[in-house]
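Next come two complexes built around chain A: one with chain B, the other with chain C.
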Partner chain A sequence: MEKTELLGLSAVALGSAIKSGRTTAVEAMEAVLEQIERQDKEYNCYVTVDREGALKRAGEIQKRIESGELTGPLAGVPVAIKDNLCTEGLRTTCSSRILDNFVPAFSAEAVLNLEKAGAVVIGKTNMDEFAMGSTTETSFYGPTKNPRNPEHVPGGSSGGSAAAVAARECFFALGSDTGGSIRQPASYCGVVGMKPTYGTVSRYGLIAYGSSLDQIGPLTGNVEDCATVLELIASYDKKDSTSIQRTDTDFTKALVEDVKGMRIGIPKDYFTEGLNPEVSAAVLKAAEVLEKKGAVTEEFDLSLVEYAIPTYYTIAAAEASSNLERFDGVKYGFRTGGEEGLHRMYRKTRSQGFGPEVKRRIMLGTFVLSAGYYDAYYLKALRVKAMIKEAFDRAFAKYDCILGPVAPTTAPRLDASLSDPLKMYLGDIYTISVNLAGLPGISVPCGTDSRGLPIGLQLIGDCYQEKKLIQIAYTYEQCGGSYHETI
Partner chain B sequence: MKQYETVIGLEVHVELATRTKIFCGCSTAFGGRPNSHTCPVCTGMPGSLPVLNRKVLEYAVAVGLATNCHITRYCKFDRKNYFYPDNPQNYQISQLYLPICRDGYVEIETEEGSRKVGIHEIHMEEDAGKLIHDEWEDCTLVDYNRSGVPLIEIVSEPDMRSAEEVIAYLEKLRLIIQYLGASDCKLQEGSMRADVNLSVREAGTEKFGTRTEMKNLSSFHSIERAIEGERNRQIDLLESGGTVVQETRRWDEAKNTSYAMRSKEDARDYRYFPDPDLVPVSISEEFLDEIRSRQPELRTEKMKRYREEFDIPDYDIEIITGSKHMADIFEETVALGAQPKKVSNWLMVETLRLLKDKEMDPEDIRFSPENLAKLIALTEGKAINSTVAKEVFEVMFQENVDPERYVEEKGLRMVSDEGALRRTVEEVIAANPKSVEDYRNGKEKAIGFLVGQTMKAMKGKADPASVTGLLKELL
Partner chain C sequence: MANNITDDTIEYVSTLAKLDLNGEERERAMLDMSRMLDYIDKLNELDTTGVEPVSHVFPLQNVFREDEVTNGDGSGDTLKNAPEEKENMFVAPRTVE
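After this line comes the complex of A and B, so read on.
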């Protein structure tokens, strides 16, 4: 198969092309590696490309496909993995200097699930350091650029994964979403990204940022790929105490073009002055499309929206300050040289090993957990978190899904965000409450702004209602045209 | 000098007897090669996650029930954050806000009769690794085999007033926990560790004095001495117009003194918060019932039953039930058909003697009830005499040999062949005319010499009573 044709295939289409013998896993991998070779110097989607390993594994997988041993929909399909997911024998850095030389001894459960299904890992994608950031500019390995317009950021923290999908440097990717880290870069890069219900995908092997909020999910070229990948990575895992046993993970069953009678709530509090008018217009237009297909839309007050940001940054930072304590230069990763004494070594290693955004959140988290402040900040944040969940519960008593924007704007220009972290945090306003409530959310492309930058539509479902989201997103995509036609 | 009252509370750490660690499947076995009992979880590798070992919860609840605690029906684990290399995550998973057990007590016997020592709480936590300083290379090495070994910490109320009460309380805890099988509770090996919180106040006053916490106490003896030393130190301070500083002190066993480790001012802020990687534990009524139904007979009940069932002295009962292991051996041996009084004698005399000689604990007894029962049967059946039995027992005590086989192999069985014995006695009579004459002349004692000569000739394998009978008959 010709390279351009091959690279234009969705993950599922490539999987069936390999199965039918029109191409091979090795050909697909070669095409992707060539694409990376050609353009990744500019985009910087990858921190590590495992060229030799990927080709070797593709060869092995091809044999197992030919022998009839591997029959799954993504067998032989090249996948990119966010660099906070452990991969056995393959460097995993979290885009941080402190893990610059870290090679895990085991693979994340989600990665193992993909490998079992025959997907072939290409390499590890760039991200905001320890997933802290919204632009992929806090990476120790330099920013990733948005393939739609390289003067803009791809979003974050899974910016490398979203950009790699958009730039056809992979056929799909895994990301992680703590406060919007899958959905927001998907929106900025014009791809599909989904954060499943908390507990659906095992966190074993995901290097934790905010453990109670982190969830792994797919970044794909279309909704069908998204459902297919999610079906493969969702699993109950005894190694993760927060993993949930579900029997309804046959997500591809929901790839049905039908929204008749579906009740869709549009929170008025999402469409306020902070929202860019072009984004607002595109999102509301998407609602109209769904209405034409038979859905019933209605505006409502979600409430508590403005409390989501302080609540999120309190909880996520508190957990992060503790989760990142293990990076101390003693056991693995970066250690500063010439230190004298244990505590000086700790201080120097961490001072040099972490970037400014990570340090800011460690300090914030340390502060909110300190004696005398715990009740006023951390406990209060937990209470607000419960109230936010209740607000969603009330909404889902009435609606099958909530529809809104993913982010207030399209992708900002490079170097425009980090100087004002508070403003950057405000950009998370529509995504973080989904994590606080443990809900599933999906981002699907719904047009571009006047500069040609993609706009994302966010659909939020009640716990375990991924199928509804997939069905609505799929229906929308079918009438809106998939992004493949626009690339 | 004023009269002072000592007020003591204890924090007791007990290592639980689970086969695997609290949050991973690694072995808890003692003495493996450094870092051989480790995995990504107990070495704090990035991406690893803890999963609670159910057995830890069962033991903690069992100890809580046996110490009259309220069991927390919705409990959580918290992270205690501090940087130190023995702790691979730089936080210890413990319980602060919702510990598994609260508000219990145990009864101790004191000179003034029995009284209650309150238990403030019992919580579950993980042990840390071990740091080994290599003086030669001037570096510190870490062994994470201990990292993640399950512990419970039993925090008492400040209810004890003397070293004797502290020892009585610790003995009581030790017996309860050993009987539950939740731990072997060995102070020397560190499976039971006690930190002593102590303050003094003028007799008759209500208000507690400022307390200190004493660490590194590895035996009952050092606990006693540390309490005495700290009490005197605090009284001396107060008497000389000084004040006691709230601080943590470390006991130096060799120097018989303590020194300050850190004061309240530089106390660490551990930033406790609920561990988001572990789900809260909800304890159902069924779970509690299951644990209750599995609670074994504890010592007080066992002592009562022994008095009713076995005709052995109270003192024997006290000693035998003072170790769960010894009580188990006693009961199993009796169950195999041995007479309780005989079993008790072997335990009370020969076993205690050998334990003392070899500086061993009753927990270290290795011979099996089967072998003890066989030995008793051999002596009862007059297959061996008591001297030979003691000899066999000593070998059995050390190597748990089968006494039947040992007696056969060494040819120690008594000669039951009447003819052979008669021949030997006749030979002895023939060879010792002087003694024979003495006996016939009314010197009763002379027969003792003849019995001895016969036993010697029989190489000890004869029953002295039969020998005496036969001699009398032939003379």
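After this line comes the complex of A and C, so read on.
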């Protein structure tokens, strides 16, 4: 098959082309590696490309496809993995100096699930350091650039994964989402991204940031790919104590073009002055498209929207400060040289190994958990979190799904965000409450602004209602057209 | 700013967090933390009397299992990542004289 045609295929289309013998897993891998070679110096989607390993594994997988052993929809399809998911024998850095030389002895469960299904890992994608950031600019390995316009950020923290999908440097990718880290870069890069219900995908092997909020999910070129990947990575896993046993993970069954009678709620409090008018218009137009297809839309007050960000940053920072205690220069990663005494070594290693945003959140998290402040800050946030969850419960008593923007703007320019952290945090306003309430959310491209930058539509569902989201997103994509084009 | 983070607080928190902040980083940390706490104080607008704090949104229960080794002895592979190792152990700087 000709390279341009091959790179233009969706993951599912490539899987079936390999199965039917029109191309091979090796040809597909060679095509993405060539694409990476040609473009990635500019985009910087990858921290590590496992060139030789990827070609070798592609060859082995091809044999198992030909022998009839591997028959799944993504057998032979090249995948990019966010660099906070452990991959056995392949360097995993979290885009941090402190893990610059870390080579895991095991793979994350989600990665193993993909490999069992025959997907072939290309390499590890760039991210904000320890997933803390919204632009992929806090990476120790330099920023990733948005392939739709390289003067802009790809979003974050899964910016490398989203950009790699948009730049056709992979056929799909895995990311992780703690406060919007899959959905927001998907929106900025014009791809599909989904955060499943908390507990659906095992977090085993995901290097923890905010454990009660973290969830792994797919970044793909279209909704069909998204459902297919999610179906493969969802699993009950005893190694993750928050893993949930579900029997309804046949997500591809929901790829049905029908929204007749579906009740869609549009939160009035999402469409306020902070929202860019072009984003607002594109999102409301998407609602009209769904209405024409038979959905019933209605505006309502979700309430508590402005309290989600302070709640999130308290809880996430607290969990981060605890989770990141393990990076101390003893068991793995970077250790400073020439320090006498254990505690001196800990402090110097961590100070040199972590970047500014990570230190900022560790400091804040340590403070809100410290004696005298725990009740006033941390427990207060956990109480507000309960109220936010109740607000969603009230909404889902009336609606099948909530529709709104993913982010208040399209992708900012490079170097425009990090100088004012609080302002950057405000950009997470529409995504963050979904993590606090453990809900599923999907980001689907719904147009571009006047500068040609992609705009994302967010659909939020009640717990375990991924299928409703997939069905609505798929229906919208079928009539709205996806952003699936080769750069 | 309502939350005035002092030098002493930064010193205390950075000791707890096992971080050394240099002069410029300290100044920045004081400012950032004050601003964030001012922002977080917004939560005090809400009356949360009688609301139970929720750490997990789903009713999670402890999951018990037998303490059996199922993944073999991975100590060799684990130690490969150690900055320093000796006789199948991690080496750390001296802790007591």
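As a working rule, the second predicted complex is superposed on the first by the 484 of 487 C-alpha atoms of A that agree within 3 Å, B and C clash if a C-alpha of one lies under 4 Å from a C-alpha of the other, contacts with A are read in each partner's own complex, and residues count from 1 in each chain.
Rule of thumb we're sticking to: a contact is a pair of C-beta atoms (placed from the backbone, for glycine too) under 8 Å apart; a residue touches a chain by one contact, two chains touch by 3 or more.
If you're wondering where the values come from, they're calculated on a predicted model, not measured in any experiment.
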item: Partner chain(s) touched by A:Thr366 [first = chain B, second = chain C, both, neither]; value: both
item: Touched partner set for A:Lys41, first chain B, second chain C, both or neither; value: neither
item: Touched partner set for A:Phe102, first chain B, second chain C, both or neither; value: both
item: Partner chain(s) touched by A:Thr314 [first = chain B, second = chain C, both, neither]; value: second
item: First (chain B), second (chain C), both or neither touched by A:Ala437; value: second
item: Partner chain(s) touched by A:Arg326 [first = chain B, second = chain C, both, neither]; value: first
item: Chain A residues touched by each partner, larger count belonging to chain B or chain C; value: C
item: Which superposed partner A:Lys389 touches (first chain B, second chain C, both, neither); value: second
item: First, second, both or neither for A:Lys260, with chain B first and chain C second; value: neither
item: Contacts on chain A seen with chain B and repeated with chain C across the two complexes; value: 102, 105-106, 212, 238, 241-242, 321, 325, 328, 330-332, 342-343, 346, 366, 370
item: Chain C partner contacts - residues on chain A that touch it in the complex; value: 101-103, 105-106, 198-199, 212, 238, 241-242, 244, 304, 306-307, 309-311, 313-314, 321, 325, 328-335, 339-348, 350-351, 354, 356, 359-360, 362-364, 366-368, 370, 377, 379-387, 389, 421-422, 436-438, 463
item: Complex contacts: residues of chain C adjacent to chain A; value: 9-10, 12-14, 16-21, 25, 28-29, 32-33, 35-37, 39-46, 48, 51-58, 60, 63, 65, 71, 74, 77-78, 80-84, 90, 92-95
item: Chain A partner contacts - residues on chain B that touch it in the complex; value: 40, 43-52, 79, 81, 83, 85, 88-91, 142, 269, 271-273, 276-279
item: For the chain A and chain B complex, residues of the former touching the latter; value: 85-86, 92, 94, 99, 102, 104-106, 108, 203-208, 210-212, 238-242, 318-319, 321-322, 325-328, 330-332, 342-343, 346, 366, 369-371, 374, 378
